[in-house]
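Two complexes, one shared chain (chain A), two partners (chain B, chain C).
Showing the complex of A and B:
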């Protein structure tokens, strides 16, 4: 069930700002992986907290998936969750020549590293455009090779309602797909709205 | 004679940001399109001199627009304006006929430099 929590102008500005952040994240992982990264058009929606697990499961698709979570704090506050679809980890390991270690800790470390690059570049870019201070917690593994429905539990989400921003990264000729989702609780959205209004006034 | 400019981006905010970054003394008429299909329709009506083209758009993206323009005897200058700043994206669009690549967020000085380089602005 979608609830309107930001205005059309704010949504339009946020979409373009996220687009720029995503571009920076895409360029960062393109450099790390040495591959062309395909970017999606960012999707923004307001979701009830209890709908978040289902929304994330839908993004993850049909196979087992993994997810990494990283909190962001400061003027912009919320949680970034990076979902990796099935075989993405082994695809990454192959690209980065990790060889046979793909099922072990090395593979999990790889997901944390890639998430860190994506989240840092994307949210860093967004914060810069909004002239907002932002900090990040260390990334942690939320789910490792689980069914999409088990990626995140509803009770771990504190907010009643959240703003969900989603971007997708893919690699040409490879199965790697990841979704970067930003969840901002309702009470953090007010600060975002103020920052967006400042941004809109500037242009 | 004023230059006819077509600004193509799915985000109205992005179009606004680009138009604000164009040199104030540049004699132009501006048309806007929200996706590749609208862009081609405007282009085929004729008279478009310069297209500022976004890459990531729903329905028809910037790459498809470039491909179509090339098939139809590209008769205008295309400047790609994109948040996708990968080296490979820049190389691709130049190979497809774009004269320049401007990164988002758009920097007015960079726009001016590109326009002067191609004699669009004296």
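Showing the complex of A and C:
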């Protein structure tokens, strides 16, 4: 992870924004889900394309994991990936008022819904702080109950390197652990840098 | 708005667009009251704008998953971000009849729905707009694609099985070709041995006659010995007689010749059996005596059998059976060799019982051993190609599968009885005539 994509100032600003954004996001997620959300301090790093699968696998840890991806578009462009390392479908189903039976399709829809809430809240918050207009694609399932090494295939990654922002989520009273990873391709980072520079000037 | 049209006209255009666009558009406020319901929604639901506006969504459509949808709408109100439903996971939100009432297809319209937050000037989300996209055609195409892929993979699996069968068949072919060339070789050797055996035998017969004549002559001379009055000659005769041990020689000579005759007879028998066994010139179906075939096969493998097992024969009266005799002999050989190998030498001589019998239009040949028997697992797999329980190098795992195929070719069957520790019994049933048995 020795790729230099953004300057130190920009990185500090991004860290600041992400911290604030996540705090706000945590509050809105708590309002939607009706439960207190635990959030880690966001980690920012730049990774080579080759290292992306390994990085995600490391986050996923051991055991099986599922992942949902969702694109964000507009002034900031990239993909968010939510990795579910540990979750109880019935616990989450309750949070989103799913019925009692969470079968195959419903359990996948549930992951998409949770991801949509997490990604929308977190990235929406960051974009707002940066005064950037962004939209989201519909979420789609990347991997369902696979070994961590199989979450993403290295050969399918188009970007050369990417900026990675990682946050861990948990719910206090529920069986739920996930990671939100925001990946921006190198060529989309320029727009982020402009937005960050704008933010720094405003301070 | 940069449109040159006056504001009122532009708003009217927009309203017309929302009304006519081929996408379902509706909007609800926080209480779930409908404030927008476009033509797409009206046409497909059968409920007009007048029927719906100002009414509660869930009251109008009680079949909607209320709590779940309320939560979803709530998340859009709170977070101000889009939410989605996808037809792959949730086929539809509103149950609308599909648009192929005649040509058929799915039971209901497949829908992707996006829920959009609508903000007032204050920035607060006051309405959530649902856009309903018809994905029925895509869903049907995808279903067909799934079916096609499933059919392809089924076909691929079937092909894989065929390839395995083909390999097995080829290996069996190789094995039977090998057996055929061994048979040819055996017949060639048998023929070559036959000639010298023939003249050795005829010479031996002559030799036997000469010996008898010579011994007769000596016997005739015997009384003349008393009349010899030359003491030197008498002493010489007596010395030679003693040196030769003439009495023993007279006794032993016929015995030696008899033994040699026996030996030659055995050679002739083996040569005949080899020829019988290989049936080199008889690759066609013909009527044969299976008892004789069993005997000649036993003779060919006798060397394998004689130190390990005693053989009990219990042959019945058999009619001539229409068969490929050389191939059936191969089956008998496999069974006898397997029987021998099943016998545990450390527990002394075993027993192999060969029996034959006749019942209606069928004959049977049975090979029963007192060997170690087979587990049920082994019995299930015994006819599989390459399945062997013998140590590496001892068996190819093809003997029983080749035998099975030969018996199949004869429209017969193989019955198997085996008890671990007690022994195994194979009984081959064959139709006397192929025409009667052929399906």
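Rule of thumb we're sticking to: the second predicted complex is superposed on the first by the 185 of 203 C-alpha atoms of A that agree within 3 Å, B and C clash if a C-alpha of one lies under 4 Å from a C-alpha of the other, contacts with A are read in each partner's own complex, and residues count from 1 in each chain.
By definition in this document, a residue touches a chain if its C-beta (ideal position, glycine included) is under 8 Å from a C-beta of that chain, and two chains touch if they have at least 3 such contacts.
Every value quoted in this text rests on a predicted model; they were computed, and no experiment measured them.
Asker: Report for A:16: first if it touches chain B alone, second if chain C alone, otherwise both or neither.
Answerer: Touch partner of A:16: chain B, not chain C.
Asker: Quick check on the superposed pair: does A:32 touch chain B, chain C, both, or neither? Answer first, second, both or neither.
Answerer: The answer is second: A:32 touches chain C but not chain B.
Asker: If you stack the two complexes on chain A, which partner ends up touching A:124: first (chain B), second (chain C), both, or neither?
Answerer: A:124: touches chain C, not chain B.
Asker: With both complexes superposed on chain A, which partner does A:191 reach: first (chain B), second (chain C), both or neither?
Answerer: Touch status of A:191: no partner.
Asker: Quick one: is A:24 in contact with chain B, with chain C, with both, or with neither? Answer first, second, both or neither.
Answerer: first
Asker: Using the superposition on chain A described above, determine whether A:71 touches chain B (first), chain C (second), both, or neither.
Answerer: Neither partner.
Asker: Using the touch definition from the top, say if A:44 reaches chain B (first), chain C (second), both or neither.
Answerer: The answer is neither, since A:44 touches no partner chain.
Asker: Chain A residues touched by both chain B and chain C?
Answerer: Dual-contact residues (chain A): none.
Asker: So in the complex, which bits of chain A are touching chain C?
Answerer: 28-29, 31-32, 96-99, 105-106, 108-109, 112-113, 116-117, 120-121, 124, 135-136, 138-140
Asker: Can you name the residues of chain B that touch chain A in the complex?
Answerer: So the residues of chain B in touch with chain A come to 10-14, 16-17, 20, 56-58, 82-89, 103-105.
Asker: Taking the touch rule as given, give the residues of chain C at its contact with chain A in the complex, in rising order.
Answerer: 65, 67-68, 70-72, 74-75, 78-86, 88-90, 112, 114
Asker: Under the touch definition given earlier, write down the residues of chain A that touch chain B in their complex.
Answerer: 9, 12-13, 15-16, 19-20, 22-24, 26-27, 30, 36-37, 39-41, 129, 200, 203
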